[in-house]
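Shared chain: chain A. Partners: chain B in the first complex, chain C in the second.
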Partner chain A sequence: MLSKKTKKICTAAALVALAAVIVCVGQFTKSTSMLRTVFQLGAIYALLAVSMNLCNGFTGLFSLGQAGFMTLGAYTYAVLTIPSASRAGVYYLYGVAPWLEKLELPIPAALLAAGLVAALFAYLIGLPVLRLKSDYLAIATLGFAEVVRIVTASSPLNRVTNGSLGLTMIPGFKSYYGIFAVVIGCIAVIVLLINSTYGRAFKAIRDDEIAAEAMGINLSKHKQMSFVISSFFAAIGGALMAMYMGAISSTTFTIAVTYFILLIVVIGGMGSVTGSILSALLVIASREWWLRFLDQPLYFGTFRVPLLKTGFRMVIFSVILMVVVLFFRKGIMGEREFSWDAIYGFFKKLGSKKKTEVQAK
Partner chain B sequence: MDAFLQNCLTGLSIGSIYALIAIGYTMVYGILRLINFAHGDIFMMAGYFMIICMTDLLIPWYLSIILVIAATVLLGVCIEKVAYKPLRSAPRMSVMISAIGVSYFLQNFATYLFSAQPKSYPTIGFLSKTVQIGNISTTLVTFVTPLLTVLLVIALVMLVKKTKIGMAMRAVSRDFETAQLMGIKINSVISFTFVIGCALAGIGSILYFIPRSSVYPLAGSLPGLKCFVAAVFGGIGSIPGALVGGFLIGLSETFIKSSAYSEFSDAFTFIILIVVLLCLPTGLFGEKIKEKV
Partner chain C sequence: MSEAVRNVLKVENATMQFGGVVAVDNLNLEVNEGEIVSLIGPNGAGKTTAFNVITGVYAPSNGRVYFNGECIVENYPRGKMKKLYKGEHAGEYTHSIEPTPDRITQMGMARTFQNIRLWKSQTVLDNVLMAKHMRRTSNLFSATFRLNKKEEQRQHDEAMELLRVVGLENVKDELATSLPYGKQRRLEIARALATEPKLLLLDEPAAGMNPQETQELTQFIGEIRENFHMTVLLIEHHMDLVMDISDRIYVLDFGKLIASGVPAEIQNNARVIDAYLGVANDAEN
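Right, the complex of A and B next:
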């Protein structure tokens, strides 16, 4: 066991190291560098994964509505922030709704609004839907996401969401660090929530609903709370994604996006925040960088390596998901969190093993 | 009036295809308590099998149909053995994630093999012929689909009610463990359920894609979700319920599509789902389940 003080120092050192890496990447790489993409996209997916984990992993509500809340967040953010000068260009086909013409919120306000809109919808949809049992809940939330997607692209909203054409010219942070600030802030809030009494109530509900109720936990209130908060942060993740991509349409956030986030959560471990963050970075780095070669044909002299062509990467990802579900059900971290004790214990074990080996000789 | 009848016919036709797929959901759910998320994608793969058989291998249509159904059944049973069987005793969420994983895999695999571009579906000459009844003109396949479906459903109900394996299926869906104690071979019953579900999905896919004439990797996901809604509407676990649910969803969808709100036809299906789950959680024909502590 390590003393509390050592652990604190270790944590501080690790955080400083992380910040240093982010700053180094920000300072010393070109804006087209792969590292930047991986870090920014990884951070956004980390937030999305942690928010999904709050609902699915910590509270045990199997919700698949992520994509719907991301759409809500992304559209709210985009509609509120597109500069009024470029609105005429963006809405060239349908024209812009009169109340929107002059509207232009600062980025933080728009982010907050994005989260609040999604939270409102989550509250309304949660009232009926959260009474359902696990698998019905999954289908109902999946259906909700699909409804959101259809409604955003529908013609009555043409003058707000630009129908099926989608929105472009979405402004982002001037600085490279903006996204990290938002993501770290949001994840910190989620971690605080999970460690609070509410968080313990969530875990109790996950482990045994009936026992939790007998202990005096108000089930519907806590489920609703977890669902709403999870959607709030999913929407902020969606807004960050809109910011990162600069253009969105109703087909940006499909069911496949929800599945991809689920893949990250499962690989990281259902019920582990650090697991989700780690796995988001790993999965994004593999998808955008390390495994890119799988999509290109590869030649050794005249020999063409079989199987490699467009789409193989995603096949590998789905196989990984299946392997994790079937054989390593706990993922990287299981329900545990990252802890210095675990690392210390691991090295100590390794050391003692070596010692005994040496003695045996 | 003509338009009304025309819509009725189209609605019944699409509704009966939904029913065929919904039966696959409803039977698997009845026995395993698992939403087979991959079912819609099995349906999509069946579409590609038909393209391979008829367009690439130039096999005549009557043989192709048999091959497609056989291949679909094989795919379904393999999925059950690989992805669901090892998780029999695992928490429900793991099995569900596994099902989602299979669905994700099939979509990506289809994109990899056949590219994301729609592929044109082969035509079966006599099924695409136009038939004229009064003032309604339609293709023969639209006309044949509901009849075939009703026949299949009757056959299936007979199978479940009268045969030994049907009795085993009913017993397993009532109580998994007791059925096992009575000497029912659970695994063969489950495999048989998948055989039936996938065979119907194969037939459904042929009937579905002939009038639509193209297949793409995501072609199964939305119909799959809708068919699940149909299964829930009719009462999960009930075969006639799936038929009625399929017809109702198909008809309502067709009528909305022909009205001014055509964009919202898919959204409406999910609103039905939420309303049904709230007001009538066991569906139209489902058995009432008591929650045990």
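Right, the complex of A and C next:
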């Protein structure tokens, strides 16, 4: 066991190191660098995974509506922030709704609005849907996500969402650090929530709903709370994604995106925030970067390695995922959080093992 | 008993019918302040169903439940049940009050379960802390941004105090499920006490315990009554425990109340011996 003070110092050092890495990447790499992509995209997916974990991992509500809330967030953000000068160009086919023409909110306000819109929708659909359990809840939320996706592309909304053409010219943060600031802020709030008395109530519901209700925890209220908050942050994640890509359409956030986030959550461990963050970085890094070489043809002398061609990366990626799910069913972290005691214990065990080996010789 | 006997719990003409099966038939039951009352009967007599009616898990088909003199549950045969209803007192009640279990716990009733239902992945301390959530005063915002430090500290202190009283202080950081069976039972009772109830409902607290553990539990329930001025209603099959600590006993058979009274009366009641005590009573003598 380490003392509290040592732990605090270690945590501070780790945070400084993390900040240093982010700053180094920001300062010393070109804007096209793969490291930048991985960090930025990883951060966004980390937020999405943590927000999904709040609902699925900590409250035990198996919701698959993530993509729907991301769509809501991304579209709200985009509609509110596209510069009025470029609106005519973006809406060239259908024209722009009159109330939108002059509208141009600052980024933080638009992000907040994105979250609130999704939270409102989550509240409304939560009323009927959260009565359902496990698979049924998953199917209902999945359906909701699909409805949102199709409605955004439908013609009555053409003058707002630009129909199936999608929205472009979405402004983002000028600075490379903006996304990190938002993500870190949001995750900090979620962590604070999870460790508060409300977070304990969520975990009680996850562990045993009947016992939770018998101990005076209002099930519908707390489930609703968790669902709405999770959707709020999912929408902010969606807005960040819109910002990062600069252009969105109704096909940007398909069901596959939800599955991808679910996968990150499962690999990281249901019910572990640090697990989600870690796995978001790892999964994004391997999908975008480390496995890239599999897409290019590879020659040993004149021998061309078979199978290696565009798309093969995703095959290997899937195989790795299958292995993870088969052999590390609880994910990297399980339900635990990162702790210095665990790391200390690990090295101590390693040390004592070596010692006994030496003695044996 | 003092003269000013106060009714904590009163079940009035409660009938619980599932489809055509009458699980609890016209149950009348009273628990006074400071009493330990037992509900006994053979398996399938409807004891746990009665508990579930009292704690809001089921709405009764007909009848009322009073808590501290206030009517908290009331129902009458409605819908399909209107035709199916086979119990008595039909048409006597006209309102439908069906609070959810959490509302009932908030009014001051806390229960334990026949098959232990602790929050498995949590530590002993967290199990008690989670039950403290109900009596919070902080809202979502103040709790998230730690503006409720005082309350958080108070909850923590109270939980520790509870664990000390039930003798689980030294295992507070262990996982709830890693405790031996007897201690898990104790923890479940401590968790129920954390909701600050006036009435404690224990569903077979001694199930699966050996004689020595049962003895300890008997003592423990007595202590709880003393220390917390608690009123207790319990379901139990261990007759030693029941006869030892009960002030009064109710006996159920096939959903019907067949006897009630002080332990000595029950032990000598021919109907009870016939329906339930039977050979066990002979062995005791």
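Miscellaneous remarks
Just so it is clear, the second predicted complex is superposed on the first by the 361 of 361 C-alpha atoms of A that agree within 3 Å, B and C clash if a C-alpha of one lies under 4 Å from a C-alpha of the other, contacts with A are read in each partner's own complex, and residues count from 1 in each chain.
Basically, a residue touches a chain if its C-beta (ideal position, glycine included) is under 8 Å from a C-beta of that chain, and two chains touch if they have at least 3 such contacts.
Here the structure is a predicted model, which is why all the values come from computation and not from measurement.
Taken together through their common chain A, the two structures put chain B and chain C side by side without a clash.
By the touch criterion stated above, A:Ala201 is placed in contact with chain C alone, chain B being left untouched.
After the chain A superposition, the centres of chain B and chain C are separated by 80° when viewed from the C-alpha centre of chain A, nearest 10.
Touch criterion not met for A:Gly301: it reaches neither chain B nor chain C. Once chain A of one complex is fitted onto chain A of the other, the partner contacts of A:Glu335 are limited to chain C, with no touch recorded for chain B. Judged by the touch definition given at the top, the superposed model places A:Pro98 against neither chain B nor chain C.
In the overlay built on the shared chain, the residue A:Ile210 is in contact with chain B and with chain C. Taking chain B and chain C in turn and counting the residues of chain A each one touches, the greater count comes from B. By the touch criterion defined above, A:Leu193 reaches chain C but does not reach chain B. Across the superposed structures, the minimum distance from chain B to chain C, using CA atoms, reads 10 Å. Overlap of the chain B and chain C interfaces on chain A comprises residues 210. Taken together, the chain A residues at the contact with chain C in this complex read 189, 192-193, 196-198, 200-201, 203-204, 207-208, 210-219, 225, 271, 335.
Partner chain A is touched in their complex by these residues of chain B: 33-35, 82-83, 86-87, 90, 92-94, 96-98, 100-105, 107-109, 111-112, 115-116, 221-222, 225, 228-229, 232, 263-264, 266-267, 269-271, 273-274, 277-278, 281, 293. Within the complex formed with chain B, the chain A residues making contact are 56, 60, 62, 64, 128-129, 131-132, 134-136, 138-140, 142-144, 146-147, 150-151, 153-155, 210, 255-256, 259, 262-263, 266, 270, 309-312, 314-315, 317-319, 321-322, 325-326, 329. For chain C in complex with chain A, the touching residues are 55, 100-103, 105-106, 110-111, 113, 117-122, 126, 129-136, 138, 140, 143-146, 148, 152, 155, 191-192, 194-195.
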